[in-house]
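This report refers to the structure that appears directly beneath it.
Chain IDs A, B, C, D, E and F follow the sequence of writing; residue 1 opens each chain.
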Amino acid sequence: MNGLCIKNIQRADAASIETLARLGVATVHEAQGRLGLMHPEMRPVWRGARIAGSAVTVFAHPGDNWMIHVAVEVVKPGDVLVVACSSENRDGAFGELLATSLKAHGVVGVVLDVGCRDAAELTEMKFPVWSRAISAKGTVKETVGSVNVPVVCAGVHIVPGDVVVADDDGVVVVPRAKAAAVAKAGLAREEKEAANRKQLVAGALGIDLYGMRKPLADKGLRSIEGPVDYGTFEPPAKV
Amino acid sequence: MNGLCIKNIQRADAASIETLARLGVATVHEAQGRLGLMHPEMRPVWRGARIAGSAVTVFAHPGDNWMIHVAVEVVKPGDVLVVACSSENRDGAFGELLATSLKAHGVVGVVLDVGCRDAAELTEMKFPVWSRAISAKGTVKETVGSVNVPVVCAGVHIVPGDVVVADDDGVVVVPRAKAAAVAKAGLAREEKEAANRKQLVAGALGIDLYGMRKPLADKGLRSIEGPVDYGTFEPPAKV
Amino acid sequence: MNGLCIKNIQRADAASIETLARLGVATVHEAQGRLGLMHPEMRPVWRGARIAGSAVTVFAHPGDNWMIHVAVEVVKPGDVLVVACSSENRDGAFGELLATSLKAHGVVGVVLDVGCRDAAELTEMKFPVWSRAISAKGTVKETVGSVNVPVVCAGVHIVPGDVVVADDDGVVVVPRAKAAAVAKAGLAREEKEAANRKQLVAGALGIDLYGMRKPLADKGLRSIEGPVDYGTFEPPAKV
Amino acid sequence: MNGLCIKNIQRADAASIETLARLGVATVHEAQGRLGLMHPEMRPVWRGARIAGSAVTVFAHPGDNWMIHVAVEVVKPGDVLVVACSSENRDGAFGELLATSLKAHGVVGVVLDVGCRDAAELTEMKFPVWSRAISAKGTVKETVGSVNVPVVCAGVHIVPGDVVVADDDGVVVVPRAKAAAVAKAGLAREEKEAANRKQLVAGALGIDLYGMRKPLADKGLRSIEGPVDYGTFEPPAKV
Amino acid sequence: MNGLCIKNIQRADAASIETLARLGVATVHEAQGRLGLMHPEMRPVWRGARIAGSAVTVFAHPGDNWMIHVAVEVVKPGDVLVVACSSENRDGAFGELLATSLKAHGVVGVVLDVGCRDAAELTEMKFPVWSRAISAKGTVKETVGSVNVPVVCAGVHIVPGDVVVADDDGVVVVPRAKAAAVAKAGLAREEKEAANRKQLVAGALGIDLYGMRKPLADKGLRSIEGPVDYGTFEPPAKV
Amino acid sequence: MNGLCIKNIQRADAASIETLARLGVATVHEAQGRLGLMHPEMRPVWRGARIAGSAVTVFAHPGDNWMIHVAVEVVKPGDVLVVACSSENRDGAFGELLATSLKAHGVVGVVLDVGCRDAAELTEMKFPVWSRAISAKGTVKETVGSVNVPVVCAGVHIVPGDVVVADDDGVVVVPRAKAAAVAKAGLAREEKEAANRKQLVAGALGIDLYGMRKPLADKGLRSIEGPVDYGTFEPPAKV
């Protein structure tokens, strides 16, 4: 699907998006069954942002950012721009001028499976960007790609309108149809974790709290009191 | 050219260097035709510096920082020390003591295609360093390299006296003979970008501002109003 | 040694550990003969910590953090938890809940040859963690590994009870039996460096301070006054 | 979609698959508009195979090959097994015994976004495997994934039943619904290339054959007769 | 332990070594509980060798192969030379002349956590070498390391005299004291695999042969007959 | 220097080129003082070629092979085509049709700091290619670069007309002006190595042959007879 710009997309409901943003990447990723996480090369240009929004997707080519310019026309306030590339590339396809333009149109963040430049300016503007590299390498406007087609970005298949959540832990994608359910599951998880946290602060052990002693024994974990002299220690047989 | 120290070099004029420093890496890189950018592994040890200076070059060997010590004798105030290595290496060839020494001689920053250590101390001193890694790995002083010979550093050929510009976006090299012209072109670019920025802030679209609609159509970009159901969508034919 | 938890270990003396923490990674690494440094992929989740402690080791499997939970039961105040993995993996085996639990038990930091998540929360808590990646990828609790067996973590062999020192430069391991001697050697090195620093601040040259002129000449370094025209320059013969 | 095995899938027609196999990866990739190519880390365990088949997909977890065993029950003669993983992993999830089993069931090749072992045996059996690594690292059977759900493998989204083509150039995926059209476009391309090849053998220049002289001039390519002295050469102005 | 050459070491018995060589890396790795495997960057310079021998270890420094020359004096027929490096390095520390020398002294193979050169000549000589890179980069003889001290090579701790097994799958290390037991366990595994192979050739399914149906169901794997339309398919609930 | 094609270049003398080809990469690299070696990512598409020729250079952009087509017009029999790229890229910029065309014009090999495709066909044609990757990814013809300008390829600065030598060990560049001297030095080295080889075959030790015993002792290498018990061994003091 090259050479296509689909102007309008369906978006997830605002309440789910807001909840997902507050929950953050790690909780959302767990809440949807440990799916949808982009690979860890995706890092924030500056630390401290936590966002979520509907994905407007760009399919670009290495060293070419033309389609990002096309996408500016179709974004809506609250969207997250997601840029995939037809092959591995770290050129600086995105910088402060594009950020200024997207900000003017209400975009809340950008996720790039390529490089980003103007790191200092983006940090100062507090415009949130995740990318696989920081690089000043300029890009051309020569080859047509697509806007709002399904893409694979940083190892994750993403359909336009899916919810993108991003923070200091990286980027996770929630299919639009699951946004409400995942938000709900995330809140439940948050609640459960809050209860556990209290106990852990008080010194409880996870192996008790999570009932791990029996499963560990069943799987064969043996304990030795110790200390042992590691220079001469031979563990109980079992090659 | 191993085993050679050339004590004096020609430097670019101070005004061009000052302008290039202010413009920063992304603008300078564009202004000289998208040439001279070091690869994106080159990252600042701490964020926020923006420098430029004449390059004093070091050609070193893996795990050996002897030639950096030799170079301290030939630097002049305003210089940037550039360290290339005869093979890929991330050992910590540079740290706080060398930084202290270079600072005492007026050097404004260091660019290392090897590792750097004492990251906390360099951050506290606000001495700007770009390197391919942070590593405490110590280096020996055994093998003679060279000082002030042309080198390839992080993918860029650099002649002693060329201008090195570095900031949060990385490192770019401007040939000495082109410093004034590139500075001038950079200022023109800056001015043009300022004009564009105003329009983008006001909501103008880049595809209008940069006249992209016709070229996009000529290259075959088709638009569809949408939204579509991506589960069943078939794009208009064109395998 | 899979499937074994050794509950008690011998630890280094507190005074040596305290000294090693204060000296930091680069000095300790040099003081013990440039040994024991983990590879530079090991980076702090947040910058600015400097710690040391006795190593409690975990041998885990890719995508599985079960043994970390087991280890919480055997840590003592002042310890550093060290997590090795049976193959290269960057999943987020450690996060804020485990940090909360370890903190409640007095652990001073964690070193992971896998990934870490909850980067924002760990930064806010100021709980020091070094890892090879930041990743929200969840892990299972299925496969038994070991606790307090010797492991290789990030390229370094570490025996439980060895001293781990970590700061912005990375992570270094000091064998328990050498902790006192290395601490002493580190203090001596620190003193010597302080003396050198004074001279360097005053403009002294390292090649004089360290007596390098003769060795450099013996190894064949030749100096040329310069400047030369690099476009046409031919170095004195010596293919 | 974790924990699901879909037993039956729709497959592409045999004639298209046969044509795609004969055309090979580079031609097929071009014929479908330069889409669907897996990243170049995917390499054959041995050189010389060229296959195509319908994809039976596996979604596995790092260090765990349980789902491959599940998939053996659902493959049909002519299929290609495609193994994706929930995070980056190079463990040896596949070896000679599984190959023996798949071969007994008519599978024509395997594509693994993880590691492969028994390289010598697979080479001797001439069973075609593409993987991101060769590694003897053993895997567990502990965590449930899925069989025949859509996955992202080596950067490409693949739906069960899509056609996988693989040879010494890597792996490309053709959506099932496009198999016939892509096969036809590939044959046309092959024919055109054969005609061009004849002319190139006879010494024709591509810039003439492909009509590139005018476009090159329009884009600003300037020619100089030369030779020039590169030590002093200054290209015609244009910073 | 820098600057030390320990001339004599204890070796494993010849029968165990011979058995381990015949079993190969994958079987040996499994037989000793999935421990001791070097990381998969370690690749043979040419395919087809399968060796085992007692490890004579070298601890070298980046870009320096001096200690390999020292080690030649202490090797015995049947040994494998193992070269570790104090930091990551791919220089060509080993080539045809050293291979000729080691061959003259009966060494059966070399394992290098650095680079290797003279690939064509080593292939022609059929001298087996595993390395992390092929590189012609020359090395110096300046910095003293050690011979026959414990080292970490490619992620594995190895004590001189341990058995090294290497083939097309990589390199695995068996502690000397366990050589006989691992060889025995490997033979048992080989026998069991031979029995399984027969059944798999006959079309048996691994999930039956290995009794996986119940554990899979217990862990929640659900089967659906299919086929489904993936464009609209919604899996049975379970976020 | 973008947008420039310099049609004619000066070449090295045929006799030097022939000698350099016969000597091969490792010997040539040593003979010119361990300079000019490309990084080890540059691997032959098939093993067994050993070539040398005058460099015709191409400066291309990521995902774009247009300038290679331009270069075909300026090559002469015996040349080696060298392709550099303005940023890191592994797309398949070169394949069988271009090889056919270059072969028709007498080119002896190609060196690409990008990807190569049609690996099977190039192997069958025995056309020698070195590249940083094998990838079928197609490239566009949109952005003008240059032909026969100095470039940095795989870490080495190369001026058109320099001699490129390539074999299974990688690629090395010899400046045109030094070709004769390096060829002569290489022959001398070859002769010396032949003499050493004889002695090594006869069992001589390198540490005797190369007079290393005294330098090793001077640098502090100590020998211990051994064997020692590594579990309890403490090396003679020297932290």
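Definition applied: a contact is a pair of C-beta atoms (placed from the backbone, for glycine too) under 8 Å apart; a residue touches a chain by one contact, two chains touch by 3 or more.
Nothing here was measured: the structure is a model prediction, and the numbers come from that model.
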Cα superposition of subunit D on its sequence copy subunit F - rotation in ° rounded to nearest 5: 120
Listed pair (A-F, D-F or C-E) duplicating the E-F contact set, over half by residue number: D-F
Gap in Å, rounded to a whole number, between the CA centres of subunit E and subunit A: 36
Gap in Å, rounded to a whole number, between the CA centres of subunit F and subunit B: 27
Subunit B and subunit E, separation of their C-alpha mean positions in angstrom: 40
Where subunit A touches two or more other chains, by residue: 1, 33-34, 37, 86-88, 90, 135, 137, 143, 150, 238
Touching residues on subunit C, where the partner in the complex is subunit A: 1, 3-10, 66, 69-70, 72-73, 90, 92, 95, 97-98, 100-101, 104-105, 115, 117-120, 123, 133-138, 141-144, 148-150, 159-161
Complex contact set, residues of subunit D against subunit A: 1-2, 33-35, 37, 39, 86-88, 150, 152, 155-157
Of all residues in subunit D, those that touch subunit C in their complex: 61-64, 86-91, 135, 137, 140, 142-143, 231-232
List of subunit D residues in touch with subunit F within their complex: 24-26, 29-30, 34, 37, 40, 43, 47-48, 50, 167-170, 172, 193, 196-197, 200-207, 210, 212, 215-216, 219-228, 230, 235-236, 238
